[in-house]
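The same chain A turns up in both complexes below, where it pairs with chain B and then with chain C.
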Partner chain A sequence: MALFEVSGYKKYCELREQILPAGLTHLVDRTNHYSFGTKTQEFAVPPGVDASGFLKSCNHDGGVCIEMNHGTTTLAFKFKHGVIVAVDSRASAGNYLDSTDANKVIEINAYLLGTMSGSAADCQYWERLLAKECRLYRLRNNHRISVAAASKLLSNMMVGYRGMGLSMGSMICGWDKQGPGLYYVDDNGTRLSGRMFSTGCGNSYAYGVVDSGYREDMTVEEAYELGRRGITHATHRDAYSGGVVNMYHMREDGWIKVCQDDVSELIHQYRKGMF
Partner chain B sequence: MEYLIGIQGPDFVLVAADNVAASSIIQMKHDYDKMFKLSEKILLLCVGEAGDTVQFAEYIQKNVQLYKMRNGYELSPSAAANFTRKNLADYLRSRTPYHVNLLLAGYDDTDGPGLYYMDYLSSLAKAPFAAHGYGAYLTLSILDRYYRPDLSRDEAVDLLKKCAEELNKRFILNLPSFTVRLIDKEGIHDLEKLTLGAK
Partner chain C sequence: GQLYRNKLTSVVYFLRTVLAVAGEDFAIVASDTRLSEGYSIHSRDSPKCYKLTDTTVIGCSGFHGDCLTLTKIIDARLKMYKHSNNKTMTSGAIAAMLSTILYSRRFFPYYVYNIIGGLDEEGKGAVYSFDPVGSYQRDTYKAGGSASAMLQPLLDNQIGFKNMEGVEHVPLTKDKAVQLVKDVFISAAERDVYTGDALRVCVITKEGINEETIPLRKD
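Coming up: the complex of A and B.
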């Protein structure tokens, strides 16, 4: 850049070499979080640590084994009037209940929601970073980011840390110019677009209930009931899911929070024929 | 779990892939497309570890398109296959190898149709027919028995149906439908999805 050179501005790396002795520069001013630089993508990894090698040594039988628990049930499905997102609220740490009212839905902006399953820390951090990137996109490009692009951003973050032990299964739900959008993104880089997804260790139970009760032309109330039923029946069977059903409805003019119902009360309402 | 198959004829290549995107025991999608269009006459079929497949295939796809933008003409199928293999080989002994199995099918205006088999250890073989996945153990012998180099398009589709029926009969996992595409000198054509009912 000609003006840059003419103005006598010193390059940052030259300035730094004058201040710091050579050899230590790699430790100072390293990127301390993930950032989509315009020239290079930077990944914050502690210096000297080989995360994927360390994890491989922790994963063979007979030795030390780190097992990630995915205690949760979340589900989301598209229908005629938008997207329904329903999650449980139990946070488990091994066999101990950390919290009964965890919030597993992150409100990225008025038109985007993200769900969390897997490691709570990973989900909260990366989805909050996604919220920052979505806001920057809006400011730079003067229009809202599409659901496809937002999910691709999150998926690329996951791919960058492939093999280093991230644990996140998330659904990105939103409404953009193409209509309602639903994407499943997870820690090994999978990104799928679809009509219905469920994540967490209770996902199979939720799939059973929602698949058998789903109709494209449901009314809004029927869809709310289906979401509630999916989570409630999954929490009934899965030991690591429970608490309350937090339900959101993504509509054309943004999302609304529908309800927060205790599953133990719901299961007794449904008990006829069950037990 | 996943299945890819390719059959080369005298002036076309027929390819098919199953439509299931699975995660442990759950089918997350029933209509997932595992074929990536590299150029007007080249398709890359990609299966393997979740995440790796899409990342690697999109990387190859964008680089093939970049070649066309820079040079004004497209890579031939043989060149694209060797480029893909080179990338697989380069990443094989790195900290993040790509665990993907590929079939590359294309039509070259000078050399005619070509089908290339690649696996995650970056081997490359040009073959008249090929398959990937557990289903290959059941269907390669069918291809050996009934393949002829002068198959017509209908005969090739019938051979593909024979393979799909064998999977439906003997393969323990459910693969209800397959995307089928045909590449010839006119380009890539979508054929009717192959769906098999319960046996």
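Coming up: the complex of A and C.
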């Protein structure tokens, strides 16, 4: 804050290092649980316990239940005319459906999209941070960040918090100087470039459908239909996916949002005579 | 002795119900005023809607201690913003800020389910719902807290016109919305043990925030 700098006020954590001998600072009660962290983002950790174990133990009987939004199907594939990104829109917290119209695609800029699967808070936070870094890159270097660099930034963020219980499976899609780009990044720090990925608990169903219908020289309409089918069939068989299909098409001049179709209507079209 | 245990068993939680609805030019945030713990009622007059700015109200359900601390932190951050930027935070900005505040406790969460209701920059009603670690989205209506699983389907049907056929989708007027909120809480008080005593409704319009208290079942 401006007033801090003008008045020469020192924060408690800076003073503490001067007051206490080195090596004993961890024994003193720290105020960082209540710090505002406006300049640099700080994470509060339960003292004395392993962070991921603490949260896991919270979800057992006898402890309070902190359910976080999970469960998804997302898919993306490259073809002749760009990249198709299709996601479902169901957000579940344990057995309760928290939202049927969650937005699982973050529009980082006009040429970059990120999908979200796993824990909703983790995905939203880290991809929002990625969007900030991409914007800063653009301002500092006067050209847009490449898809490879953006996905690398995200995977480095994940590696920094490895083992702490984050849960994020994301696909970074974009169009840069090298053409269409598609990378899969997950919470272990895995970063893979490829032609087709699907994440989330419904991914096996989506893989089956898209693998059987994929051709490199598909027309744009055929690609849209394939994306729609992949998500629809996955939501039909996976309990934790559902809602609507949100589909984006990444083209040379940026992405467009193709459709937002309800899966329960689509499944009746695709499986005529089955019901 | 050891101050912290591995589990959050030392945390007691006080349940209640909170609800928010956004209309064309208004927003409503409502909560019941019962503060209960296990089989006991601590207070019958403890409303959970906090006024943040002239156009934004937040409703918090979950662990009462974390609700109080969280609202104090939000108030402090609002003041800091006002002094640095010489303007009040908009609802969307408050929602984005709350998301980062909650995420800064990702590994030691605030056990609070938040719902923010207010008017956006264009004067339209906005509702933002959160999970305990900061994921959020903008909705038209949302119920949170102990009776949320009972109320959300009712709101889906009455406000979202879901699961009905051949119904005309009329936009919600302010008076109809307030009446719906009252009816919905009366239903919740009938079937949820932690909801009852009284209902505090805050209606946010461009004229300001209007608060109303309606009695509910006290048993």
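Odds and ends about this structure:
Note that the second predicted complex is superposed on the first by the 203 of 275 C-alpha atoms of A that agree within 3 Å, B and C clash if a C-alpha of one lies under 4 Å from a C-alpha of the other, contacts with A are read in each partner's own complex, and residues count from 1 in each chain.
Simple rule for what comes next: contacts are C-beta pairs under 8 Å (C-beta built on N, C-alpha and C of every residue); 3 or more make two chains touch, one makes a residue touch a chain.
Values in this document were obtained by computation on a predicted structure and should not be read as measured data.
When the shared chain is aligned, chain B comes close enough to touch A:Asn188, but chain C does not.
Note on chain A: of its two partners chain C and chain B, the one contacting more of its residues is C. Legend: residue contacts after superposition of the two complexes on their common chain; A:Tyr270 is shown touching neither chain B nor chain C. In the superposed pair of complexes, A:Arg162 makes contact with chain B only, with no contact to chain C. In the overlay built on the shared chain, the residue A:Tyr96 is in contact with chain C alone; chain B does not reach it.
Legend: residue contacts after superposition of the two complexes on their common chain; A:Asn203 is shown touching chain B, with no touch to chain C.
After overlaying the two complexes on the shared chain, residue contacts for A:Gln124 are found with chain C alone; chain B is out of touch. Touching of chain A by both chain B and chain C, each in its own complex, is seen for residues 52-53. For chain A in complex with chain C, the residues that touch the partner chain are 1-2, 33-34, 36-38, 41-49, 51-55, 57-58, 60, 62-64, 66-69, 91, 93, 96, 98-99, 101-103, 119-125, 164-166.
Residues 21, 23, 25-26, 28-29, 32, 49-52, 54-55, 95-96 of chain B touch chain A in their complex. Chain contact summary for the complex, chain C toward chain A: residues 2, 4, 6-9, 11, 13, 63, 69, 73, 76-77, 80, 84, 99-100, 102-109, 111, 129, 131-137, 139, 148-149. Those residues of chain A that touch chain B in the shared complex are 50, 52-53, 158-159, 162-163, 184, 186, 188-192, 194, 197, 203-204, 207.
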